[in-house]
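Dropping the structures in below, format is structure tokens.
Same chain, two partners: chain A is paired with chain B first, then with chain C.
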Partner chain A sequence: MTTPVLELRGIDKSFGPVQVLHDVAFSAYPGEVTALVGDNGAGKSTLVKCIGGIYSIDSGEYYFEGNSVTVSSPREAAALGVEIVYQDLALCDNLDIVQNMFLGRERKSGLVLDEATMEEMAAKTLAGLSVRTVKSLRQHVSSLSGGQRQTVAIAKAVLWNSKVVILDEPTAALGVAQTAQVLELVRQLADKGLAVVLISHNLNDVFAVSDRIAALYLGRMAAQVKASEVTHSQVVELITSGRSGTLGLTNGSGS
Partner chain B sequence: MSVDTLPQKVESQAIVKEYVQRVRGGDLGALPAIFGLVVLVGVFSVLRPIFFSPGNFANLLTQGAVYVVIAMGLIFVLLLGEIDLSAGFASGVCAVVMSVTLVNVGVPWYVAILAAMATGVVIGLILGSLVAKLGIPSFVVTLAAFIAFQGVVLLILGQGNIISVRDQTIFAISNKNLPPWLGWGLAAAAVAGYAAVQLVQARNRSKRGLAIAPPLVIGGRVAAVALVIGLAVYVLNLDRGRAIPLMGVPIVVPVILFFLLLWTFVLRRTAFGRHIYAVGGNAEAARRAGIPVDRIKIACFVICSFMASVGGVLAVSRAASVDPNTGGSNVLLFSVGAAVIGGTSLFGGKGRALDAILGGAVVAVVENGMGLMGYGSGQKFVVTGSVLLLAASVDALSRKRAAATGHR
Partner chain C sequence: MRAGPSQEEIRRYNLGTLLRHVHLGGPTSRAELTSRMGLNRSTIMALTADLAAAGLVREELPRETGRAGRPSLVVRPESARIYVLAFDVGVDRLVAARVGLGGVILDRRESVRQRGTFDLAEVISTLAGFARQMVRKTRPDTVCVGAAAAFCGAVRESDGTVHFSPNLVGPIAELPFGEELSRKLAMGLPVAVGNDANLGALAEHTRGVAPGCRNLIYLHADVGIGGGIIAGGHLLGGHEGYFGEVGHMIVNPGGRPCGCGSRGCLEAEVGERALIDHAGMYGRVGREAVRTLVEAADRGDIAARDSVHRAGDWLGIGVANLVNIFNPEVVVFGGTLRELYLGSAAQVRTQINTSSLPAARANLRLRTTALGDDVTLVGAAELAFTQMLADPLEMLARVSP
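After this line comes the complex of A and B, so read on.
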């Protein structure tokens, strides 16, 4: 078995008196899609924000490529190679695709923006992801469809030789055809050797692309299993009650 | 064009088609301003033939200069989706500072201008910090400043006082002209510079196999710029004096062009400019991208007030004096109007430095033309207010239409 590129052990996180994450363990492997599932309020977003350095963890260990690290800001996470694509995508409608992909990390030659290099790199990244639906790299993001925007947001995350890409509900607002497109893209990222973490409520999507499924239940990691070893209904049980047969939490204590 | 088969060129037809599509989608750009300008110039020329004379053309430029310069600064604040209502009186305060240091203290003209500019920068720092750090809506901060600055001008000048400014250099900015040969020289340099930028850019892109505009379009752009500049210089170099010969490009024109180039460069070619658009388009996305949103906001307010100080200097130069009304009455309204008429959006994220000149031309034509028609201040205010409202409606409607067609 390959070693995980990202591994968390015994993560605790509280907001004041409310403990949101209890002793959570989570791993993401290169070349695999790990789905992170769980009901509303299970702690998915909190976990992701801890990984991304937006929240600091109260206790627990954060390993990246086998080394223990501390991540206390989004910058540090990005420097490690962890990129998060948020649900709202964080794109500027009034800028074009290239400008959005390089936002905050513009290439410069001297004082001046190096537009040609940026456009070249953006084109390469999109071509590497087999994106063919975009008409021009210089069109404003506002004129793109939902699936295309998602594509741009993902391409933006991949541009920086990232090793872990976390996608927060990438298909939530998309139609059937666009969902298929984005899922194909997700699969491609993993096939290129990235560790992909997919947060989703849609189990069809999860089973379509995932290699592993991690189910959170009330702030605890109910189980992290191979997708091929569980059924649809087992995952539903893990999400709703935290266990399914021999899998999952035992009587609400730790796993 | 698909991403994986980047063709060398985009056909001219495709460019025209794309432009038409963009306009129909609600992205009007400079069209309303140019259309308005043509109509207004046509109407005034028919009604008052003297409107269409070289003398009045030069007059228009110096008349509009103050609005154009202040509007150029306002565009930075408007790009953020904020507003600066105090820009008019900020220019007044700076004008008073300059005049007092020049006349009462007796420093040389350049020290006085620097003092005015420094005042502008300080004002911008204060306004920007209040908006960005404390989070007070810019509308309230600048409304308060609008009232306070009015008071500051009165306090420094004393009730009803006027300081006349007799300094030759400052007087020359708005009232003297370049020698005709220098006008032509600058025009040639400007056109050559523009052509060079266009060519270098196209060559750079084609070397890397990126899509470039066809030579016809690039040639067309350069020709259009050459035509406009050439025509303007030609007309300004005609003798427009009544008794003694008077000709040449007013000195204020190259001053404005300098700021146009400077701010266009900043907005289009630097990371700072890119970040201004990003903050105006989606502040949260900008923050997550690691852009220091607060500092960008403060910088925009500083630029706005700095340009207001330049506007103040030009106002003093034109009037050869400063009084409690300098930068007051219609200056702010006309300047905001100039920016919005030129195509800068009040909703943020959209605008160019050039907008100030296009919109400023419309405002100056309205003011000048109505003056020639013999209308008083009453009618001028009503008409200018209507024009501003019309421009804001065009802005809001095109935004709505863009939302409907997915262009914004």
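After this line comes the complex of A and C, so read on.
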């Protein structure tokens, strides 16, 4: 079995008196899409923010490519090769596609920006993802459709030779045709060898592209299973009650 | 008794292999070809020189590589000069395209086909007309090196005769399609004919979602459902080429009647008619109708959603059977099955996970086509290039005036 590129063990996280994550274990494997599912308030976003270095973890271990690391800021996570695409995409409407993709990390040649290289890199990345819907790279992001924005945000995450890409609800606001394109793009990222973490409420999307499914229930990891081993109703049970048959949390687990 | 292949045969084989690498992999440096083919540098140089002299490839200096040393020349296919004609006969549409070496679609024509009686003469004259229009627009130094068609019916391998097409109304018990189209084209080229789903499998295997994958199943839905199976790197053909009619695999004994005369076939339960009937959208037909239906299901239309989920369940059972029998690495969904799969993946996966053997499904990958609606057309183009890639120089000599 391949080793996970990202592995968390025994993660605890509290905000004041509220403990949000209890002893959470989570792994993401190269070449695979790992879906992270759970009800509202189960701790998905907190877990992702811990991975991305936005929140510090109270206790637990963080392994990257087998090495124990500490990640205390988003920059450190990015330096390791972890990129997160948030639901609001964090794109600037008044900038064009290339400017957005390099925002905050612009290439320079001497004192001036190296526009040509940046444009070439952006074009190469988009072409590598077989993105054909974007007409010009100098188009302002405000003129793009929802699906195209999502594509640009994903391409921005891939540009930096990242190893782990985390997508927070990438299809939430999209129509059917655009959802299909984004799902295919998500699948393609993993097929290129990246470890992809997909947060989604839509179990259909989860089953369409995932290799593994990790279900959080009230801050605990109920189960992390292969998508070839579970049924739709089992995953629904894991999300809503934390267990399903032999899978999931047992009564004695910590509570 | 022969001692082994002659020098001439080896050279012919190597020329074909090199051209295939460039055709499928795009522009490739000589150094890369040397390592991929396992031949020495001077042999590669001689082979590329032969192909370049024949006008099949072109050698160029690469763009900046950023590395030290003399850069290796890049071998490019002459896409604009060497082309084939590819045709796609679907239930609802007729497509003809001019596809250059390297798989570039240079030009295409498309028309909507009205459902109804299949009129061989009319279909052939439409396709031949498209072909003539496209050929007339080409430069004089271009060469057409093959022609092939994808057909939505069972096709006899040996002579391109279409045998049985449950979704085309009309007297098409035995239709010499390839022969007739070839005569009408009058370019001195035979027209190879293949089943659309089989050619889809070929397309996905060569330049689609799983290039080089040796065990692949491609499932295609147009009106009916067909399948192409690549096992151990070869497209299965069966005794006479009728292999892969997985649409007529029975998944629901005693279920809905099928156009083939049986009941409960995969096609009868998952095909366009079943989807539309169950959603109560009577009177609508075609790809767009199926896409609208999946869209409606996503937006919360209960009847549409039930219909999509129901079809997803049957599709999952069908795939589970195939997974048990063939243990494929990848199953690819194309045509309207792309939308159906993405709209009902939870059902499809669930059925596979409950009804197939754990060992057979453990590393199964489910994918949608990377070639969109052109998948069968791309497959036809690959079929048309087959002869050219087997013996490039001979073929070129035959078609050149």
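Points to keep in mind about this one:
Everything that follows uses one rule, which is that the second predicted complex is superposed on the first by the 252 of 255 C-alpha atoms of A that agree within 3 Å, B and C clash if a C-alpha of one lies under 4 Å from a C-alpha of the other, contacts with A are read in each partner's own complex, and residues count from 1 in each chain.
Going forward, contacts are C-beta pairs under 8 Å (C-beta built on N, C-alpha and C of every residue); 3 or more make two chains touch, one makes a residue touch a chain.
Predicted model, so just to flag it, every value in this text is computed and none were measured.
Partners chain B and chain C, brought together by superposition on chain A, fit side by side with no clash.
In the superposition on chain A, contact of A:His232 is made with chain C only, not with chain B.
More residues of chain A lie in contact with B than with the other chain of the pair chain B and chain C.
When the shared chain is aligned, chain C comes close enough to touch A:Phe207, but chain B does not. Seen from the CA centre of chain A, the centres of chain B and chain C span an angle of about 100°, rounded to a multiple of 10.
When the shared chain is aligned, chain B comes close enough to touch A:Ser136, but chain C does not. Shared-chain residue A:Leu126: touches chain B; no touch with chain C. Of the two partner chains, chain C is the only one that A:Arg187 touches; chain B does not reach it. Using the contact criterion defined above for the overlaid structures, shared-chain residue A:Leu95 touches chain B, although it does not reach chain C.
In the superposition on chain A, A:Gly66 makes contact with neither chain B nor chain C.
After superposing both complexes on chain A, the closest C-alpha pair between chain B and chain C lies 9 Å apart. On chain A, the surface touched by chain B in one complex and the surface touched by chain C in the other have residues 130 in common. Contacts from chain B toward chain A in the complex involve residues 1-4, 6, 25, 204-205, 208, 210-211, 269-271, 274-275, 277-278, 280-282, 284-286, 288-291, 349-350, 402, 406-408.
Interface of chain A with chain B (complex): residues 74-75, 86, 88-95, 99, 103-106, 108, 111-113, 116-117, 119-120, 123, 126-127, 130-132, 134-138, 140, 142-143, 145.
On the chain A side of its complex with chain C, the touching residues are 130, 175-177, 179-180, 183-184, 187, 203-209, 226-233. Across the complex, chain C meets chain A through its residues 291, 294-295, 298, 338-339, 341-350, 352-354, 358, 361-364, 366-368, 370.
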